[in-house]
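Every chain is named by a letter (A, B, C and D) in the order it is written, and numbering of its residues begins at 1.
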Amino acid sequence: MILRMRGIAKSFLGVRVLHGVDLDVAPGEVHAVVGENGAGKSTLMKIIAGVHAPDEGTMEIDGVPVSFGHPVQAQRAGVAIIYQEFNLLPERSVAENVFLGREPVRRGLVDRSAMEAATARLLAELGETSFGPRAPVRRLSVAQQQVVEIVKALSQDARIIVMDEPTAALAGHEVELLYALVARLRERGIAVLYISHRLREVFDLADRVTVLKDGALVRTAGTGDVDPGELVRLMVGRDLGTYFPPRGTGPGQVRLSVRGGGNAVLDGIDLDLRAGEILGVAGLQGSGRTELAKALFGAEPFTRGTMSPLRPASVRQAVAAGIGLVTEDRKAEGLALRQSVRDNALLVARSVRRRGRDAPGRDGAPGRAGGSGRDGVTGLLEAVRLQPPEPGREVRFLSGGNQQKVVLAKWMTVAPETLIFDEPTRGVDVGAKAAIHDLMRGLANDGMAIMMISSELPELIGMSDRVVVMRDGRLAGELPPGPSEEAVMRLAAGEATP
Amino acid sequence: MKRSITVLVAAVSAMLLAGCASDKPVTGGGATASAAPSASAASPATGEQSKFFVQADYDAQLAMRAQTAEGPEDKPWEQAIAPQMTDTATYKKDGPYHLCFSNAAVNNPWRQVGWKTMQAEVALHKEIAEFTALDAEGKDDKQISDIAELTGKDCDALIVSPNTTATLTPAVSGACPKLPVIVFDRGVETDCPVTFINPIGGYAFGADGAEFLVEKVPAGGKVLALRILPGVDVLETRWSAAKVTFDKSELDVVGVEFTDGDAAKTKSIVSDYIARHGKIDGVWMDAGATAVAAIEAFEDAGQPVPAIVGEDQQDFLQKWKDGNLTAVAPTYPTYQWRTPIIAALKILKGEEVPKTWKLPQPKITSENLDSYLQPDMPPLHYALCGCEDLPGFPGAWGGKEN
Amino acid sequence: MRALRTLGPIVVVLAVLLALIAAANPFFLEPAGFLAFLKRAAPLVILAAGQYFVIVSGEFDLSVGSLVTVQVVVAARLIDGDEAATWPVLALLVAIGLLIGLANGVITTALRVPSFITTLGMMLVLSGAVFLWTGGAPRGALSEAFRTFGRKDLGPVPWSVLILLAAGGAAIALMRSDFGRRLVAAGDNERAASLSGVRVNRTRTLAFVLSGLAAAVAGILLGGFAGVSAQVGQGLEFQAITAVVLGGVALGGGRGSVAAAMAGAFTLEALFTLLNLYGISGALEFAVQGVIIIAAVAAGAVRLPLRRTAHV
Amino acid sequence: MSDHADSAVARRAAAPEPAVPPPGGPAPEDGQRRARDGAGNGGGRRWAGIGPTQVIYLALLGVMAAGWVLVAIDGGDFLTLETVVGIQQRSAALGIVAVGQTLAILAGSLDLSVAYVISLTSLVAAEIMAGRDGGILPALAAALAVSALIGLVNGLVITRLQVHAFIATLGTALIVKGVLDHLYDGPAGRVPESFQRLGYDRLGPVPVSALLWAGVAAAAWFLLRRTRLGYRIYAVGGDAEVARLSGVRTGRVIVATHVLCSVCAGIAGLLLASRLGAGAPTVGTDGGYDLESIAAVVLGGTALAGGRGGVGGTVGGVLLLAVLDSVFNQLEVNAFAKDVVRGVVIVAAVAVYARRTSRRRSR
């Protein structure tokens, strides 16, 4: 065993995300780690890569106990991690990126030729011929940049390479290339930890697969010893008991309707969204779920097809037309972290005037008048069950759940007819989750049309009145209320078609 | 070496100095002293004498004020005080001429007026076929390059108005062998130029003002001295002369402050002193640019304007006239910008010129005020431009045509 | 206490400086003395308020100093002592201020030139253009009516103090308004702001316009206070930025209150007065200034993460 | 530069938060956008030939041509020996400072204190020399030491005290200014004839000062191209977080660039001392070397945010300004018109770069 982990546990803000996980990886092994979002995969990987230190448990490489305080230490120990978002300098050449921080020197000077030669050699070994060591990274495609990351890992003599959802951002044909790469890595005796949802990839590539669920190890098995269906059950089968609010009284009239919608990522989207319903959108990362949300919201507009009431060309148009989006990445896209809860909650109301329907929706928001709306805001915050409802507090000091509630409040001020939730409960603790679910259902019952994107199947299934599944930028199909998780997974992973 | 070590030390200890500065008033003794700059902790209140002070020059200049200049009565810019003529036959050549001028800057009203005057003077002489002028924008280094560049252009004579004395010396001495050089306004530390033209000078300027105050302000009266900034030779000489006068007098110099020539800062400083001392009996300044601001400080404080020293700028003269003030205006006449052109032509025609061409430096008093006050000229126009007879006056100087 | 929370430690520093001034110069405690201080500080405080809008939105405005000079010189030449011309010219000056601000904003947001460069260029253009127009030195004269605002009093209170109060009040009100909150949000997280429907470019441009307006007002006050001068605006841009930063406003945007920025300006002005009072003239004045600025900002950098409540 | 600060702040703010997202934070649509970008980059490829550096030199040629024509029309002769020498003499000092400034800006910082460093070193040198040939070496040593020290302070204040470079260097600038005003009133010290040769001698049409500049530029170029420090300056300026995760000690890099930047200013100070024959407390500020050096750098196509650009462009930028100056001199354009043109040129140039960059890159 090159890597041996025992009893790894980790908590954030008292929320336990890993409970005593064991993991063994052998040299030259491709070891898949699967599990739903929130199962703890990423945390485990970051512990291996030295980003986080475990609260409990031990870790050995080649039988030597290690503990990393900094990613660089992990690198020195031969662990490299390749994130979905690459750590590359777009303005620099491939070779410079590969050897960043470890530039080879001869007589005190950077040995450019050696550097490029080494890079070229590694590229060749990986069969990469489409670009050379001198190419500036900014001109490489995602797949090519991924190769650079792998070369970087190899140049560090990494013996363990962690790949986090490596195919998420890749186009179909690029995936084949990745397969070839992984195969080559295996030949070199490198252990590959391969995180993915795509079961086909798991069975194509991995020797063994470890299943995580709710932060605990479910099972580690050779890919020969399990079949896809079983694997899915292991991933999703759970102790029932998670409560979801009862479904609504049935959908009302169509609020949003798309025909043949498409843009650079999406194609042939036909979709109806009705008042009072929650439409669940399933799909793997990179399947185009988020792009669909952004298209409906006018952030990355449709360039083809029709949409009623209108096809928004900008966010402001969408908002004015009563469409809101609760973004996937709260910190980057949802909130101004250093501003107060009040300011974040009122940001939309202060930015966009909704023709005719200001007063009711804005719910006491100060608007033109300025800060006078304290009570209105506190009312709003109680409505979204912010704990504690302090309007003055800086948002960055709130827990994930409370932050999400603030984002929700932000939209409620303009009372949209349609609200899109992208991963509404990601990184949110259990209690807040339930609260958010109740709020969503409440809004639906009040006649709002809600679309919800989620990678957590139980949530998706438990909350949705209907579920559509996306794959490769298209709607792969629609499932009736309360479908089985396997059904969703199969459809999403392209195992089956309804 | 010692000095530069102190530089290091000082750099590090600047903050410490800041700290102990707050103890000053105690050691300074009394509210009055607390007002004066740290330098004045030493007696007398006017601080140590400037290192620019040269007794001989001082005496010479004060003496010169009494002497009458030789030359045409109505053309002070052609007059010279006690001239020692120098022969220029070697430079004699036939016209038309190409004159070149390396100007330190045109970055203040005084230089603006002078520059316009010089251009007008050039226009008077048809024998000047070409006149090339480079503006150094107040940068020593640029002026050095400019001089080098001009010496390369077939100029018949080079006029230089140095940006600073010491630092332009090498460039000027470099140019001297190549062509006749005329230096004016500020000097250089070499006598290689054919002639050096300027008015009597800073000592006379400073003394004129100081003596006026000594005469008008009763003994023990409080005098505030306003300086633009330290380290400029011209200004240092003015102050050092005034200092000599004050130190001999009964006057109480309550403060010596630097105004950066900024009207707002001047006004603030003066207001502070009025507030602190209740009454100021006299104001001396090393340049008139901010005289009006100082006067306004008294007006705004609802106090009579005390005896004050200004300069020959129109806004000051106007105030003086309107308020019927007790004032004097020593001058550093801008008509000196005409002389270099005249000198250059003399030199090129082989006529002898004074080695050091000292121009008269009149002062404006209540008696002759009216003859210098020109209501139609801009506020910052200098009365002694000697430009009234030049083509384009007053328009070219920003005055109202009528 | 609330003041301390919204204004931050700057108020403490300010209080200490004011106390030291009073100690050395009792006159400072009399209404007249204090009003004189306010009067003197008014232009810088107003400039700081204007600069705050730009900085909190994540940008710089280096052009305000030269803009102030332009204001005064243009006014002098156009009014040329003619009382009747006062009001039209005042209107024109404000227009110029707004226009320059607009230019800065559009070039920065639409052409995506870093504001540091945009406004640096604008600084060169303005100072060059105005003297190109007046032939090197200021000409003409200001009218008495024009000078009233910077110089005269209304009853016991100087006009400039009244204008300062008005401007300060307006600035604070503006920051509490929808626009103000959008501005800070844009400076804090541009992407989140635009996904919330904020027109980020338009908002930022407006900030530059406000800075230009502030420069116009400051110019009018300074011209009124001390009359025509060619270097009236010199170095004001750096003073304004320094003041804002002293107030605990973060360069890069998204944090800090306009009230604190103005307090920073008062602090800077008080510092000048104090140094001059204690006879640390010219020379070390700057050294002390430098040390204090670095110290203040360093302290801020260390302090900020501990702050748990946002400014309003 | 604001966005640079922004990210810095953002990171500091993010630090205490739990579950730090992998730098950049995974966002599939980002990947997609990049993929499209990579694909739709034929245009970028076509443009690849001409970077900002080439642009600035093309502009330089253009200005020279235009100047030549204008001056010819004016009845003058543009490219005389004197003007060529003049252009070099005028650009040498600014050029040296700008090279140093380039390093600071490439690392995502900037230095507003250079002007005062120049004045200070000119004085230190001139005073130590005091006209003695024997004083030259100690003077050089002391001058460079002083400037290096100031650079060190700048760097440490920025990295250790986490003060924004703008404020940090503005602060040190004020401190140095205070010290200057306190210790000096007017020019002081004297440099020996032998040292003045540095400022005045020339080999054929090439002044020694220009050679010095060329030397400094070459050294900086070499540093950036062939040393680890050089590579890491680009890395830190490009993305400090990526650099950190790759094991680069970002703090040290920034300190180093500031030391080098100040030393360059020191060298410029020495050059000016030799030109002036003495040290002068205002030579740096009169020359406006602080803002002008920054202007020259961005004019040369180096991104103010750091990580992109190089010495080559800066040299071009400085030359462009110098040629403009020279043309103005020939045509005797007054100083104010010059400023207007300078301002427009700088902003226009950067606007052009901004367009080109945005055409090439995602963000």
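Here is the rule we use: contacts are C-beta pairs under 8 Å (C-beta built on N, C-alpha and C of every residue); 3 or more make two chains touch, one makes a residue touch a chain.
The structure presented is a predicted model; accordingly, all values stated were derived computationally and were not measured.
A.B. asks: According to the touch definition, list the chains common to the neighbour sets of chain C and chain D.
C.D. replies: In this structure, the chains that contact chain D and also chain C are A, B.
A.B. asks: After masking chain D, report the chain groups that remain joined by touching.
C.D. replies: Groups left after taking chain D out of consideration (others unmoved): just one piece.
A.B. asks: So which has more C-beta pairs touching, A-C or A-D?
C.D. replies: A-D
A.B. asks: From the C-alpha centres, identify the chain that is farthest from chain B.
C.D. replies: A
A.B. asks: What is the distance, in whole Å, between the centres of chain A and chain C, each centre taken as the mean of its C-alpha atoms?
C.D. replies: The separation of the two C-alpha centroids amounts to 45 Å.
A.B. asks: When the C-alpha atoms of chain A and chain B are each averaged to a single point, how far apart are the two points in Å?
C.D. replies: A distance of 73 Å separates the two centres.
A.B. asks: What's the distance between the Cα centroids of chain B and chain D, rounded to whole Å?
C.D. replies: Here chain B and chain D have centroids separated by 37 Å.
A.B. asks: Quick one: which residues in chain D touch 2 or more of the other chains?
C.D. replies: Residue numbers touching two or more other chains: 13, 175, 178-179, 181-182, 334-335.
A.B. asks: Touching at least two other chains at once: which residues of chain C meet that condition?
C.D. replies: Within chain C, the residues that touch at least two other chains are 136, 254-255, 282, 284, 287-288, 290-291.
A.B. asks: Tell me, which residues of chain A touch at least two other chains?
C.D. replies: If we look for residues of chain A contacting two or more partner chains, we find 332, 337-338.
A.B. asks: Which of the chains touch, listed as pairs?
C.D. replies: A-C, A-D, B-C, B-D, C-D
A.B. asks: What part of chain A is in contact with chain C in the complex they form?
C.D. replies: For chain A paired with chain C, touching residues are 297, 299, 315-316, 319, 325, 327, 332-340, 343-344, 346-348, 350-352, 366-368, 370-371, 392-394, 397, 410.
A.B. asks: Which residues of chain C touch chain D once you look at their complex with the stated criterion?
C.D. replies: My answer: residues 58-60, 107, 111-118, 120-125, 127-132, 136, 238, 241-242, 245, 250-255, 282-291, 293-294, 297-298, 301-302, 305.
A.B. asks: Which bits of chain A are touching chain D when the two form their complex?
C.D. replies: Residue positions touching the partner: 12-13, 43, 46, 51-52, 71-72, 75, 83-92, 96, 100-103, 105, 108-110, 112, 138-145, 164-165, 168-171, 264-265, 285-286, 290-291, 294, 300, 328-329, 331-332, 337-338, 396, 427.
A.B. asks: Chain B touches which residues of chain C in the complex?
C.D. replies: That would be residues 20, 24-25, 27, 32-33, 36, 40, 76, 134-141, 151, 222, 225-232, 234, 275-282, 284, 287-288, 290-292 of chain C.
A.B. asks: Can you list the residues on chain D that touch chain A in the complex?
C.D. replies: Listed in rising order, the residues of chain D that touch chain A are 13-14, 17-32, 34-36, 38-39, 41, 44-45, 48, 225-228, 230-232, 234-235, 238-239, 241-243, 245-248, 307-308, 360-361.
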